[in-house]
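Several structures are given next for inspection.
Note that subunit A is present in both complexes that follow, paired respectively with subunit B and with subunit C.
Here is the complex of A and B:
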């Protein structure tokens, strides 16, 4: 897989930063607290230097990943049962549809009430948010092509072998999609929980710097949030490609 | 000697949009060891239903199917069905070799498994594609992978459901000849469902035609053409053309009166 550096894309990005810098410096864009990119870079340097960023980032990623991991185990297990056992699906579908329709953000104050201003609140919210995409993608992934299952029967595979060798691998691309979506939403909701609930991590850092009228540092925190989302998604995809090369190649995920 | 497949008074009723539909009624069919029998019939006549019942993939409503004197209730040992839609039958995440190994990998040790996979792939002429993913191959090659997967099981019986139906004429002809060679080599009993009259006559020892609704066997015709058969010379023989004529008529085609030269 030859990877080419996207020079044009990078050039556009740098150009946008330059224009932003110029517009702010020349006063054409005149918000009271809009920092130019150079101030944001300075803010980032300060946050790294005083150690605030490291501990906040560690806290947030830890909570988001913990919630996501719990959701991964629960979602794949429950999704497999729901996808494979027809009666369970029939009885649970109505409840699932109703719960799914509720905006996840509405659960943040509920979690704060239940778990207080603690890291548990963040993990619970992240877990709940990540559970949905993982669960639903696992369910749909488990609806294996009938002919594929029949091929297993014709070759006299046991039921366990059909599950292990045909159904689960066939569901893998869907499950990986669910896990990726779940991780990004877990990160988002963990940040929300930090803004309105537990005063810690990147979410709180962002709010705190805003209220302290430190726009450079605040924008730096926003930037770090964005980059960590991209990095996490890349890590999950990379790990999945290593572990399930064939499945993802077949679904066109690997070029 | 008792037949390899014996299907007695078979009736199959399937659920339909407006109540149950009787697809097959009173089908009697005996297939001898190493015989090549083609099942023909118009579209929707129940060819596939019959094959699925023989393969234990469909519960019969009444009557019985026996394979080597054992009652068929599920896919029997030594009987492998090859489906028309190779793309959905192969596992896209497994390489060609690992697809072929699917049915034998938990029963044989590594060296024996590799040997069988190699043997099966050689029989279908794909040993140089063992490491490839099936979806990177052409349709004809993918179908050969499915056939190799069946052959790796060393089956006594191959049930083939329009296996070449989705392939172009050139590929079809070469796969027909390959199948002939494989059968000659292995002595496998083959039941072959097709809607292609030429293909049925060319390949078979016997052609049966399903007719009526619900369907039963309307015509059973022995094909005594000499083997090995050849795409050009066999199809030029007078007895080939006569057989082909007879099967077409059994399927409901009529020769226009003006063109009849005899009988």
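Here is the complex of A and C:
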């Protein structure tokens, strides 16, 4: 994927913003609380200026990353066991699938009930949400092609060596996909937990600015949420490419 | 789903039985399963539960339908032309990166606490999977498939209904399969956050009043709803997929 600068696309993006600005300023689009982009930029300036944005962003990212990290350790460990040990899979997978059918957001009230209005609520919710994609992708990644394992046997590798040199590298691309999905879901659910539970971070900032009728600052917060999602995803992808270049290239993830 | 042995349900059943046997019915955190029914009973008596289920299902179904139509339409149009694709993709990418959760307070402020607001919040994120699969399917359609009917002199309408629609249908279905559980989650999310009607609103209210048995009861109902959605979508997908392969 050669990266060319998409001038046309950028121009359209700017044009959309300009049209939005014009429509609101001329009163053609008349919602009482729809700010023009210039107000959003102003709101962003105010949020950065009084330091609200920095602390909220730090809080949310910290909670989302903590939940994600715990989910990563648990998910890869449990997923490996489930993927490698057939009886464990047979006697627990259906339970996991039944649990997975429960909509994740419906757990937010339960977490608030159990942990109250604390940062633990956020971390638990983020962790639970991120656990699923990581777990399921690890399980499917560990189902290595039989031929690869057989070649390990031919080479007289020990069981540990087969695990370390064949199964784990083969599972890496799939685990990385799970980790990426997990991080974005963890961020979203952390925001939800902040909206209905713990009054802190970006999620609460959004609700607070909405209730204070500060649409400019609220849209600015939404913008920041979007950008931080893109940046986090990019960071995970970049880190994975650096660390597992060979494995990802072998699976065609990196062209 | 496919080939998952039912034996695997044992740990879950064991856990629930253990919970039931050792749980303290007065526990504010972990009330045993038998109390969940009593927890939900007042809602049934007050005729609230059925109404809430209806509102949640309606928002979900209409939202998914609009998302499918919009996603398929925009996806097809964007995928049909390289320049349009290039022109719109940065804007689309940015919109896609906005988490559904952050849209909720915005929509509530701009549109008010209404049923329309709920629909808008559901449609926007549920549209993406359908739009993206449709875009890439339209992009990779063979030119021969598109040129042949033109040579045969089919009208624009006939080309759209007889060639384009069947060719893109599998992609739309794939998108819907991803979008349906997402739409249900977002419906519940809007309801929990804004407390406008539906199952999510009940759940939020129960949590606020510390009715823990009711919270677990409603969670179970939400789970059944989620399970049904998955089941229907998988079934429909398989049935239509088999028919398409049969006629191909």
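Keep this in mind: the second predicted complex is superposed on the first by the 252 of 255 C-alpha atoms of A that agree within 3 Å, B and C clash if a C-alpha of one lies under 4 Å from a C-alpha of the other, contacts with A are read in each partner's own complex, and residues count from 1 in each chain.
In this section, a residue touches a chain if its C-beta (ideal position, glycine included) is under 8 Å from a C-beta of that chain, and two chains touch if they have at least 3 such contacts.
Worth saying up front: this structure is predicted, and the values here are computed from it rather than measured.
Undergrad: Superposed on subunit A, are subunit B and subunit C clashing or fitting side by side?
TA: By the criteria stated at the top, subunit C and subunit B fit after superposition, with no clash.
Undergrad: For subunit A, which side has the bigger count of touched residues, subunit B or subunit C?
TA: After superposing on chain A, more of subunit A is contacted by C.
Undergrad: Considering only the touch criterion stated at the top, classify A:68 as touching first (subunit B), second (subunit C), both, or neither.
TA: neither
Undergrad: Applying the document's definition of touch, where does A:244 land relative to subunit B and subunit C: first, second, both, or neither?
TA: In the superposed model, A:244 contacts subunit B only, not subunit C.
Undergrad: Look at A:102 in the shared chain and tell me whether it touches subunit B only, subunit C only, both, or neither; answer first, second, both or neither.
TA: Touch status of A:102: second partner only.
Undergrad: A:132 contacts which: subunit B (first), subunit C (second), both, neither?
TA: neither
Undergrad: Using only C-alpha centres after the superposition, what angle do subunit B and subunit C make about subunit A, to the nearest 10 degrees?
TA: Reported to the nearest 10, the angle reads 90 degrees.
Undergrad: Compute the least Cα distance separating subunit B from subunit C in the superposition and give it as a whole number of Å.
TA: It is 17 Å, taken between the nearest C-alpha atoms.
Undergrad: Of all the subunit A residues, which ones make contact with subunit B and with subunit C?
TA: After superposing on chain A, no subunit A residue contacts both subunit B and subunit C.
Undergrad: Touching residues of subunit A toward subunit B in the complex: what are they?
TA: Per the touch definition, subunit A meets subunit B at residues 145, 147-148, 150-157, 161, 165-166, 169-170, 172, 244, 246-247, 249-251.
Undergrad: Using the touch definition from the top, list the residues of subunit C that touch subunit A in their complex.
TA: 1, 4-13, 15, 28-29, 83, 86-91, 94, 97-106, 108-111, 181, 184-186, 188-189, 192-193, 200, 203-204, 206-207, 210, 212, 215-216, 218-219, 222-223, 225-227, 230
Undergrad: For a test of understanding, state which residues of subunit B touch subunit A in their complex under the given definition.
TA: Residues 55, 57, 74-75, 77, 80-81, 83, 85, 88-95, 102-103, 106, 133, 135, 149, 153 of subunit B touch subunit A in their complex.
Undergrad: In the complex of these two chains, what residues of subunit A are touching subunit C?
TA: Going by the criterion above, the answer is residues 6, 8-13, 16, 31-34, 89-99, 101-110, 112-114, 184, 187-189, 191-192, 195-196, 202-203, 206-207, 209-210, 213, 215, 218-219, 221-222, 225-227, 229-230.
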